[in-house]
Amino acid sequence: MRKKTFRLVISCPDRVGIVAAVSQFLNERQGSIIEASHHTDIEQKWFFMRHDIDAESLNITVETFREEFASIAEEFNMRWYVKDSEDRPKVILMATKESHCLNDIMHRWHTGELNCEIVGVIANHEALRSMVEWYKIPYHCIPVPKENKMPAFQKIEACIDDAQADAIVLARYMQIFPEYLCEKYRHRVINIHHSFLPSFIGAKPYHQAAVRGVKLIGATCHYVTADLDAGPIIEQDVIRVRHSHAAEDMVRLGKDIEKLVLSRGLRYHLEDRVLVHGNKTVVFAE
Amino acid sequence: MRKKTFRLVISCPDRVGIVAAVSQFLNERQGSIIEASHHTDIEQKWFFMRHDIDAESLNITVETFREEFASIAEEFNMRWYVKDSEDRPKVILMATKESHCLNDIMHRWHTGELNCEIVGVIANHEALRSMVEWYKIPYHCIPVPKENKMPAFQKIEACIDDAQADAIVLARYMQIFPEYLCEKYRHRVINIHHSFLPSFIGAKPYHQAAVRGVKLIGATCHYVTADLDAGPIIEQDVIRVRHSHAAEDMVRLGKDIEKLVLSRGLRYHLEDRVLVHGNKTVVFAE
Amino acid sequence: MRKKTFRLVISCPDRVGIVAAVSQFLNERQGSIIEASHHTDIEQKWFFMRHDIDAESLNITVETFREEFASIAEEFNMRWYVKDSEDRPKVILMATKESHCLNDIMHRWHTGELNCEIVGVIANHEALRSMVEWYKIPYHCIPVPKENKMPAFQKIEACIDDAQADAIVLARYMQIFPEYLCEKYRHRVINIHHSFLPSFIGAKPYHQAAVRGVKLIGATCHYVTADLDAGPIIEQDVIRVRHSHAAEDMVRLGKDIEKLVLSRGLRYHLEDRVLVHGNKTVVFAE
Amino acid sequence: MRKKTFRLVISCPDRVGIVAAVSQFLNERQGSIIEASHHTDIEQKWFFMRHDIDAESLNITVETFREEFASIAEEFNMRWYVKDSEDRPKVILMATKESHCLNDIMHRWHTGELNCEIVGVIANHEALRSMVEWYKIPYHCIPVPKENKMPAFQKIEACIDDAQADAIVLARYMQIFPEYLCEKYRHRVINIHHSFLPSFIGAKPYHQAAVRGVKLIGATCHYVTADLDAGPIIEQDVIRVRHSHAAEDMVRLGKDIEKLVLSRGLRYHLEDRVLVHGNKTVVFAE
């Protein structure tokens, strides 16, 4: 039912003529544009663009598109890619024992809301196996012992690589990703942090929030980098709390925001709506 | 400080080649695009576009732009205009006795937040004269007697026309605009209705809300049409209420939403971000 | 871990001395109050009160409490009840084919967030059986043929009564409840309507919203009455939409609000936080 | 129109019998309770209570109330006060050059929304004199030279004391209050910080927010303490931003949140709805 589209995503130094060149390219191939978004970062002098093009109108393969577009890309010094919307990205989910984010993502995927293939769940406990397997998703339990984590992360790495995962979603995965994996899977590991970053970095953010007496709590979906909870932010939201909410109430209320923010962030990522530049994102939300 | 720009606003039947034609036109004139927004209404097969172009980069007047663009416009059957951002639109505000919306707009204008010229306030009472005159804005008191309103509206019409107002803002003006003026100033009269339309059309919406026991109240900024509270919606927002809020509390709380929604809607209108199509709007918010 | 409490819920004509009488009653029995909420409807001259009392501090059974409190209740002409928080209410869920609300409620219940017993799911299709049965909840498929609905509703009634359900949750159940069942289960049938009532009553509210061009869409949790979508409202919320969202996008975005609003409303109901008076509710949210 | 009430505000160690004692005291004097709010901090074992009592129903003066209540207060070791709602608190506003918060508060006061007496505006520049004087409020310009601030703050102190101000509102006052004044006016100096604390403490929070790439910006109303931007939080709120918003757009958008949050916080303070305990507040919002 969803139309097959090609998604052309570009970022490059800003200058006159980029849009003209790209739109003429599309026009020459009779490309019907379904959605187009632009952004110019005036300060950085950098240009960002995303097109969703009706694939049928073009009548060429994504490979041909890629070849033919290359010279324009070179001319304007673009970082760019084009994707067929029917090439569904492969996603690995990672979790510990909390199931609210995991259940939310799997349910959205199951009902066709998320355009991806979930190729596996990696968890450091057995707790969620039965729920995951109901969805017929492979479950990999890889415990991460406190005293020696490296072998566990090597198994995780192998598991990710075997599955050829395009994206790794930390759905309340309670382990810190090692630096070398952050580097290896740069801008492909998506985390949900249970605070409105940059407030309350690190452990037990709801307890930190309760101690500080804030009147709103939040959640942040971001790309994981070696710098803890400091990667590029994709999406955030908050919910109101009162003096009557103890830390454990915040934990409960926060779950609703965590799962919403993570699902929204993941959706933007899967639809190629997130362009990273430095430590910030451009998000072309619908 | 704000850059002088030309705003090119277009709506037309959708087809391949519009963006290419427009962007080539701009490219040939070395136009540097500061902001660009597109929307295709798939169902209606209608295309909408707004460009904010650095005027200096173009090095032509807005009149020359207008002449030279005309042939493209004709080719694609466009409804369109181009405006110099330094030609500040003339605005008339209308009010009764309530001052919260009026004060909010005048203060924003006074501090340079709204890029327009406020050429006058028309009110059917004297209550707000001193506040308005502090801002050095002409105040026209035109009472509207219940038994014979037409002469009053003719005076209002003359006042609007004398001032050559581009936009008329009903800032809690408690009179129904006559049909012929709705027609005459089509898509130029902006109203704030104190409910989340289409709920609670007509008089005393907060009292209607209190009776129905809703948990959120709202406000709606819309273009005025002959059909009461049914014109194209520009902006809406809501605020939470509880059982402890009586109708008069809603009146107080609602004011904050009314002034925010009206100011936002007015800003969008003044920046040529609102494109009307049928009874709906496309709003290219920043 | 949750403390056992007695919940004393009262509504009665307002007069001086109610709080004194109740608090002295509790004080004499050494009752430690964990949460107390009052509301006076000035216009209606009606008083509402809810207490959550540490059951251990009282050292009597809920039956004894009930007997001993009766004379105060009579004196002040109270509608009232007291409940042991460990007597978990029995809940029946009803659905059609859409699973987002059902999955959300079952998951919350499964993880211990909702303090109730889910005694069954009644659906008019088989589509959701496997998901429900994973949670080990009995699934009753009772089709409702267009031409003759009454026998189906009699089966539904029998099913509800067999299960001794305290609450019936219409989790996107796409059938109109017959009037006699609305009466029989008065203030016990909870529905989620996919609009911000009173806007867009009846069928296809998102399509109505798309046609009207609103800038926010919402959902409403309310008690079902014979008057369609007009029963007492428990909870509402909204989400922002733009011109780029077609009706089917609203359907998708709306789901997130529907499930949140329904779960919140259900939680309030299960914790005896909702007091109905006329066609309105007092909701003592935490 | 507003009823004259006595506001009884109490905080004390939690134990059985407090509510009974207070409500019996009120009952004996025929006190009709218009609004009552309780909170027990389970962890801290501390109890908070606020009553709004119809003054007419009591038929005693606030002084008599004060005398008669003293023995109960002593018994339960209460920090407490009772106030006549018609004794309007005296408020001093402080500002620099930015007028949005100042204008918002003065306008609310002018239209009768804020139940206080504004006894003066202290500013370190002349910029806002004419606006303030339109409201017939005394304007004190006290410049604060960089190299020697103490004499200025002594003048400010004298000005506050001369006016017998109950509350001091820093309405975007761009100077750090000296520690001895924070101590002297403990829990009486209200500040608006233009970030969602504890994020972005200190100078230029919007620029910090732009650098970090957050998706929401906020404002925080709090009591000023010697510890910069770390005092007890009264109220907070946020607004959504996008990649298209540069720091100067955030400055503009943030103003709307700043003035709303400050006005709400001030209102809570003036209505004795804010109870400070340690570094946190209990806010009995209506």
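Just so it is clear, A, B, C and D label the chains in written order, and each chain counts residues from 1 on its own.
The definition used in the following text is that a contact is a pair of C-beta atoms (placed from the backbone, for glycine too) under 8 Å apart; a residue touches a chain by one contact, two chains touch by 3 or more.
Owing to the predicted nature of the structure, the values given are computational and were not obtained by experimental measurement.
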{"item": "Comparison of C-D and A-C (more C-beta pairs in contact)", "value": "C-D"}
{"item": "Chain of greatest Cα-centre distance to chain B", "value": "C"}
{"item": "Centroid spacing, where centroids are CA-atom means, of chain C and chain D in whole angstrom", "value": "37"}
{"item": "Distance from chain D to chain A - Cα centre to Cα centre, in angstrom", "value": "41"}
{"item": "Of all residues in chain C, the ones touching two or more other chains", "value": "35, 42, 242, 244"}
{"item": "Topology of the chain contact graph, where touching chains are joined (line, ring, star, complete, other)", "value": "complete"}
{"item": "Contact set on chain B toward chain C in their complex", "value": "39, 41-43, 48, 196-200, 212-216, 218, 232-238, 242-244, 246, 279-283, 285"}
{"item": "Chain C partner contacts - residues on chain A that touch it in the complex", "value": "35, 99-100, 103, 107, 111, 113, 130-131, 134, 242, 244-245, 249, 252, 256, 260, 286"}
{"item": "Partner chain A, residues of chain B touching it in the complex", "value": "16-17, 19-20, 23-24, 26-27, 30-38, 40, 42, 57"}
